[in-house]
Amino acid sequence: MAEHFETPMLDELENGPWPSFISGFKRLRDNHPEERIREVANSLLGQLEHSYETRKGYWKGGTVSVFGYGAGIIPRFSEVEQKFQASKEFHTLRVQPPPGNYYTTDMLRQLSDSWEKYGSGLITFHGQTGNIMFIGADTENTQTFFDEINDYGWDLGGAGPDVRTGMSCVGAARCEQSCIDEQRIHRTLQNNFTDDVHRPALPYKFKFKISGCPNDCQNSIERSDFSVIGTWRDDMKVDQEAFKEYLNTKGRQYLVDNVISRCPTNALSINDDDTLAVDNRNCVRCMHCLNVMPKALSPGDDRGATICIGGKRTLKIGDLMGTVIVPFKKLETEEDFESLVEMAEEVIDFWAENGLEHERCGEMIERIGLVNFLEGIGVDVDPNMVNNPRQSSYVRMDEWDAEAEKWFERKAEEAAG
Amino acid sequence: MHPAMRRNYGNWAYHEDPQPGVLLHVSKDGQKVWTIKAATQRILDVYTIRKICDIADQYADGYIRFTLRSNLEFIVTDEAKVQPLIKAITDAGFIVGGTRNSVTTLSHTQGWLHCDIPGTDASGVVKSMMDELIDEFTSWNMPNRVHITTSCCQINCGGQGDIAINVQHTKPPKINHDLVANVCERPSVVARCPVAAIRPALVNGKPSLEVDERKCICCGACFPPCPPMQINDAEHTKLAIWVGGNHSNARGKPTFQKLVAAGIPNNPPRWPEATAIVKRILKTYKEDAKDWERINEWIERIGWPRFFELTGLPFTKFHIDNWRGARASLNSSAHIRF
Amino acid sequence: MASIELNGKSYEVDEEGYLANLNDWDEDIAKEMARLDGAELTDAHWEVINFLREYYDEYQIAPAVRVLTKAIGKKLGKDKGNSKYLYELFPYGPAKQACKYAGLPKPTGCV
Amino acid sequence: MAEHFETPMLDELENGPWPSFISGFKRLRDNHPEERIREVANSLLGQLEHSYETRKGYWKGGTVSVFGYGAGIIPRFSEVEQKFQASKEFHTLRVQPPPGNYYTTDMLRQLSDSWEKYGSGLITFHGQTGNIMFIGADTENTQTFFDEINDYGWDLGGAGPDVRTGMSCVGAARCEQSCIDEQRIHRTLQNNFTDDVHRPALPYKFKFKISGCPNDCQNSIERSDFSVIGTWRDDMKVDQEAFKEYLNTKGRQYLVDNVISRCPTNALSINDDDTLAVDNRNCVRCMHCLNVMPKALSPGDDRGATICIGGKRTLKIGDLMGTVIVPFKKLETEEDFESLVEMAEEVIDFWAENGLEHERCGEMIERIGLVNFLEGIGVDVDPNMVNNPRQSSYVRMDEWDAEAEKWFERKAEEAAG
Amino acid sequence: MHPAMRRNYGNWAYHEDPQPGVLLHVSKDGQKVWTIKAATQRILDVYTIRKICDIADQYADGYIRFTLRSNLEFIVTDEAKVQPLIKAITDAGFIVGGTRNSVTTLSHTQGWLHCDIPGTDASGVVKSMMDELIDEFTSWNMPNRVHITTSCCQINCGGQGDIAINVQHTKPPKINHDLVANVCERPSVVARCPVAAIRPALVNGKPSLEVDERKCICCGACFPPCPPMQINDAEHTKLAIWVGGNHSNARGKPTFQKLVAAGIPNNPPRWPEATAIVKRILKTYKEDAKDWERINEWIERIGWPRFFELTGLPFTKFHIDNWRGARASLNSSAHIRF
Amino acid sequence: MASIELNGKSYEVDEEGYLANLNDWDEDIAKEMARLDGAELTDAHWEVINFLREYYDEYQIAPAVRVLTKAIGKKLGKDKGNSKYLYELFPYGPAKQACKYAGLPKPTGCV
């Protein structure tokens, strides 16, 4: 084996209490039985140290893919391969985790074993989009490794202009706030778009994220094009005994200062008899009071989801949060799930037709205006979609009467049931 | 300035509101002045002016002030003069009120009476509406002050307001090509269009302009610099109602008004449809808002969906903004009232 | 930089076998690239490759996959206007594999 | 005299309790001793009725001015002069009122007398920009009337691309909330820019409005380019006795619900001993608590003004509110007022140089960015100017260190006094 | 999924926090699960993975979950197993904590280790900072949860956060003209620039691109589609710190992060200057904020001027936004704290 | 519409004496318009009028008063580059009066 590269700077990252990735690399370099892995680890450390010294990165992209797939691999070729030969091809395979990231040790061991055969021995749990990232395989082994794990059930995730790997919070599996079946939603959507994950043919990436309640532990509203957030529509549940318990243990002042006065719509107050009054009509399901007093308060029974479209980070018009497109959607029956999928298809189809190259769905909405988007996907306007009606008088309203009529008809239909 | 105001200039301690239309200001030295506030028609004939002067001379030491909503203020330092003054004002046909949590006089612009670009009248609209809102002017029934504005074209000289009644055009301008060459500086007109819908063009061999009707948002901005861009049209000039413009800093920061209703017939001489909507909004506000909530704050608390529900006004695609910065107006949250 | 030697001509290519100089391209090198990948270019392949080259000449940019799909569908019938068909021809993805044979720049960015 | 025009529609505006402008017109038409005025009133009623019937306006503009003045007259020529001859020229003179709109009956009578000689007999108190509008003179009488009232001290206001007539609230003259000498500010600014009022040579209009406190009874922040708003910088004054009085008469619940919980920054609370505690550091001088309890609370002693630049209505980029440019400015000494004028000059000069044709100051700021404007007028950046720092990462920051240094130097100087 | 989670799927009643790093969830039937949360370095070598598996097999029924911040979650149904499990985790070199009002693990991106466009490293930054923030990870000293993100280029795969440490370029890209023609699809590159600073150009007779350096905002968007647009540069790559990004709907609506500090040296291997600022912000937040206030809410309450005062960070012209919709970020009110 | 008759030619004007057809303009009508206003056109006036006409030819728009002021100042010296000087020449305002004599369209809008 070649000599170890000196890594004085990286060595400093072995100090301190936090688990050190450098120590992990060195374990592979120093202890691994297989020379290939030792070499790769050494070479990788060398290139990384070189980056630390020169403050620049030295990877470039490429076009590696596995047979039948247009996406799922992030190819990396070294720009300093002369010096760091063993890691000159260092591709990542993005592999979809189980929804919710639940693993058995068997799964982890099996994946590790396969990866040791073909890859660098380094695995990332997880990428920011939720994939398991098998980081460090050369072009040939990318295929071989994939074939092996694919055999026992794992599949690649998204990359490129395609539907990406979805994410969902721990939710129903272990959280009292969960209002929806996050995993089922996640699986349903993901499975429906398998083709769009593997065969990139969209204007740009498209992400689904599912959070079981408005705490939004998946950052879905800012980091996904299609954000599903659990909520409820009837009254929240109040266990007045438990509330009194909080009152006794935390004290009145604490509850007033930390719950009552923090409600964004002043929907809470403490009655004279020390029960809690909730103005459910004005509660905006922000979750705060439920978070502070989980024993006393829980979501209601009439549960469903709010769907927001168009979140993303910063390129190229600045960050966007998703916008409410469906204020409330039941997600219980088979039909509910079918119509969810239909809606996702409408959104993706319309965007695929009308999005510019490299334009995210939210950017398209910003460009064409929300109303055109709604008409494109066949969704009626709703005041819940806006913080406030228009402030600008620059609008043409020839069709006012017809549009007003639509509203009255809808309301009449709703009233009729 | 009334000598009592001069004497106590910068030295006032507090005020009270003895009755609608009457303010009592007390100075730090305990001096008192009563102000009696009364509405006028703003555009005054010399007879009316002299009538006001007579009242002021007889009851109010010969001083008169006008508020920025064209209301009169008479000042007296002797409480005994208050009721006689009120009587004199009332007898002369003016209306006492407009203080505190009332609906004060609608702000006023020129309209058909004088302006060159009005889509509707102003004095007539104000008169018609105030006839119907007079009880709200003379009493304290509103949760907080209500400042209503009117504007007779989209330029909006009346400014923003708790409620604003403005003209909205619904068709692009028709161009009188014969006039353009001589009357308009074409580059100015082109530059004035906020959506770049106007292009120079040759029409019948003469330099003129053309409008891309799909782009045009009927704002009327091209009309003042180029009257041949005929935006006004008896049929396609509708009224629109906006709510929630609030310039005071009390509680929240100043806010812009938002569109709530449009397509309202521009229906002289009394515009009953517009008045009906204004009254409906005021009624809902009166019943539902908490004390001190201005209209914008009330709606902020109950949410816009509820506003449309309670007032029975339709919500349409036109309510969704698409102008610059519109993304800030979208609901990017799971905050929803059910 | 690596190169492919063919019929006495030397074609410079990058580490993934994309042509370094777009002007070097000819039909022979396309066939050779395919051969190195263990593939053979049928008429169906050529239709796609030629479309790509024409498109690139006009727009200086490779078509998006969905543009490609539609164009192929129009030319060859609806049954072929879908990504399944294209992936059958170019199993590593039309964006990558077909562009390579067509001598277009390596797709970047969208990963 | 010609026959009266029929005015069936306008007649309806004589019904109802509100004072009727139509009745006023008719008084002139029917009772005025002078035939000219009777004719004009009749003709005007005729044209207005015609507008009501056809729903269109029939005035067009022109270029009338008085000798030596480029502005101050709004010329109106009738487009239906054939039918309504007597009012075919119906110009308005915009005349500056006394700051604060304080009149003696003598003034009003004198103005009325002059106007009767030359004009229509109709006067508007006031236009939305605060001018007295003498509405209805022909071209010749515009000059004659102006000469006469100018002789006894009245001057024209603004119109066209010039400095407009300023406005100031009743303020110190009769309001306990007043924190500044509104009238002095108004007069000082207006007098300094007399030339710019009368000789339009700016990109567009420029308005000053002065409100004595943040209640902003002049709508200055939205309707003026240069808004001066009184405020204070030390602690507000609390009369605890008066507060107790409110507590006794209004009740605790009322005060909690209407004052304490309405403070935008939660800066108020009621102590156990029923005194009021004010967190002055977090009070944003919104005025609400002072408005509700004027006897108990008053502005502090260290008074001055906040200056906001760039307010305006809607053409052509949508409404703009003024932006804080000077968070606090003392306005007491001669020098304070001089520096206020200097600042206004800087603003107007920079805008005159850099504004596009028909571009208001606020629109220019939006176009070039606030920072360029600040540099242009020589004002340092201040965090009070923003609701929040930038959200967009699209910025070039080469000069960060130098800019940071500027801040530290300013802070050091401030600390040194 | 752990059988206890499967059993109680959708049937949880509430949770408690017995100690930092430990959650206790109770189902509606009274079943209990304890979750022990521990930090990892995210990029795990197979030895580390197997170590984790060993712990899970021995103490936690063979189940493991990862959070979206790469923390481990071990689940047990027997309270007696909690402390031994914690001991095993700790002994193996992992850190228990990150629950409730702690600073949880920084979110992680690729950096010099793998990405093709990083201006800095990611794993190293996270390691360096967490070494210094470890006490805040293992305790409950913060007013509310603190979610910190890092991103190694301005694309920002790390997302927004209460505090975000991002790279900011300070110079326009230098173009390697020789490569452009063959490597870049020029129309795509031109289209990618948010400020239209790139134009096609002929350089030395070859088609290439040119950048208008006065327009360019150094965003780096042109680099991914065209690596010859060399934006990275050891000298001109600085770190910037943003605060107040909050995606939860708790109390307020989700908010975007705002710039607070920039020009921070990109200083491997430990980036001490950036860490110092993060710590200063956290210290001020800890001392000054009320319970449950996230960083954005705290600053909202005390005002930005006070934030800069308390943290001692400089306020510069760069803090004033000038991007689309920037007008909404200006203080258009008289609301000022003195 | 009214008209001014001069040297046998008829010039159509609007109610404020602005030319209805810009092409009708000549020096004579300018002088006549001034005469009707009781003014006489000196060289100083002509300098302004000519500048206005040239500017309009080029831009199809009348210059803003401050552009005019600056241009005059540049041509005739600083002492004349101010609105006072222009108002002395055209006491009803250069924008209005000088444009009229120069045969430009009537200023609109900015009132």
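Some observations on this one:
Order of writing sets the chain letters: A, B, C, D, E and F. Residues in each chain are counted from 1.
The rule is simple: contacts are C-beta pairs under 8 Å (C-beta built on N, C-alpha and C of every residue); 3 or more make two chains touch, one makes a residue touch a chain.
Here the structure is a predicted model, which is why all the values come from computation and not from measurement.
Shared contact partners of chain B and chain C are A, E. Where chain B touches chain E, over half of the residue numbers in use are shared by the two copies, so each contributes mostly the same positions. The distance from the centre of chain C to the centre of chain E, each centre being the mean of the chain's C-alpha atoms, comes to 39 Å. In whole angstrom, the spacing between the mean C-alpha positions of chain A and chain C is 34. Each chain gets one centre point, the mean of its Cα atoms, and the points for chain C and chain D are 68 Å apart. In chain E, 154, 156, 188, 194, 219, 225, 227, 249, 254, 256, 323-325, 327-328, 332-335 are the positions where the chain touches two or more neighbouring chains simultaneously. For chain F, residues that reach two or more other chains under the stated contact definition are 106, 108-109. With touch defined as above, residues shared between interfaces to two or more other chains in chain D number as follows: 61, 74, 214, 216, 221, 229, 264, 266, 284-286, 314, 318-319, 321, 357-358, 391-394. Pairwise chain contacts in this structure: A-B, A-C, A-D, A-E, B-D, B-E, B-F, C-E, D-E, D-F. Residues 214, 216, 221, 229, 231-234, 264-266, 280-286, 306, 308, 311, 320-324, 327-328, 366, 369-371, 374-375, 381-398, 400-401, 403-404, 406-408 of chain D are the ones that touch chain E when the two sit in their complex. The residues of chain E lying in touch with chain B in their complex are 249, 253-254, 324-325, 327-328, 332-335. Interface of chain D with chain B (complex): residues 9-10, 12-13, 15-22, 24-25, 27-28, 31, 44, 48, 51-52, 54-61, 74, 76, 90, 92, 97, 100-106, 108-109, 112, 115-116, 121-126, 128, 130, 135, 167, 170, 172-176, 178, 181, 214-223, 229, 257-258, 262-264, 284-288, 291-292, 294-295, 298, 313-319, 321, 356-358. Contacts from chain E toward chain C in the complex involve residues 181-188, 224-227.
Considering their complex, residues 61-71, 74-75, 77, 159-161, 195, 199-204, 352, 357-358 of chain D touch chain F.
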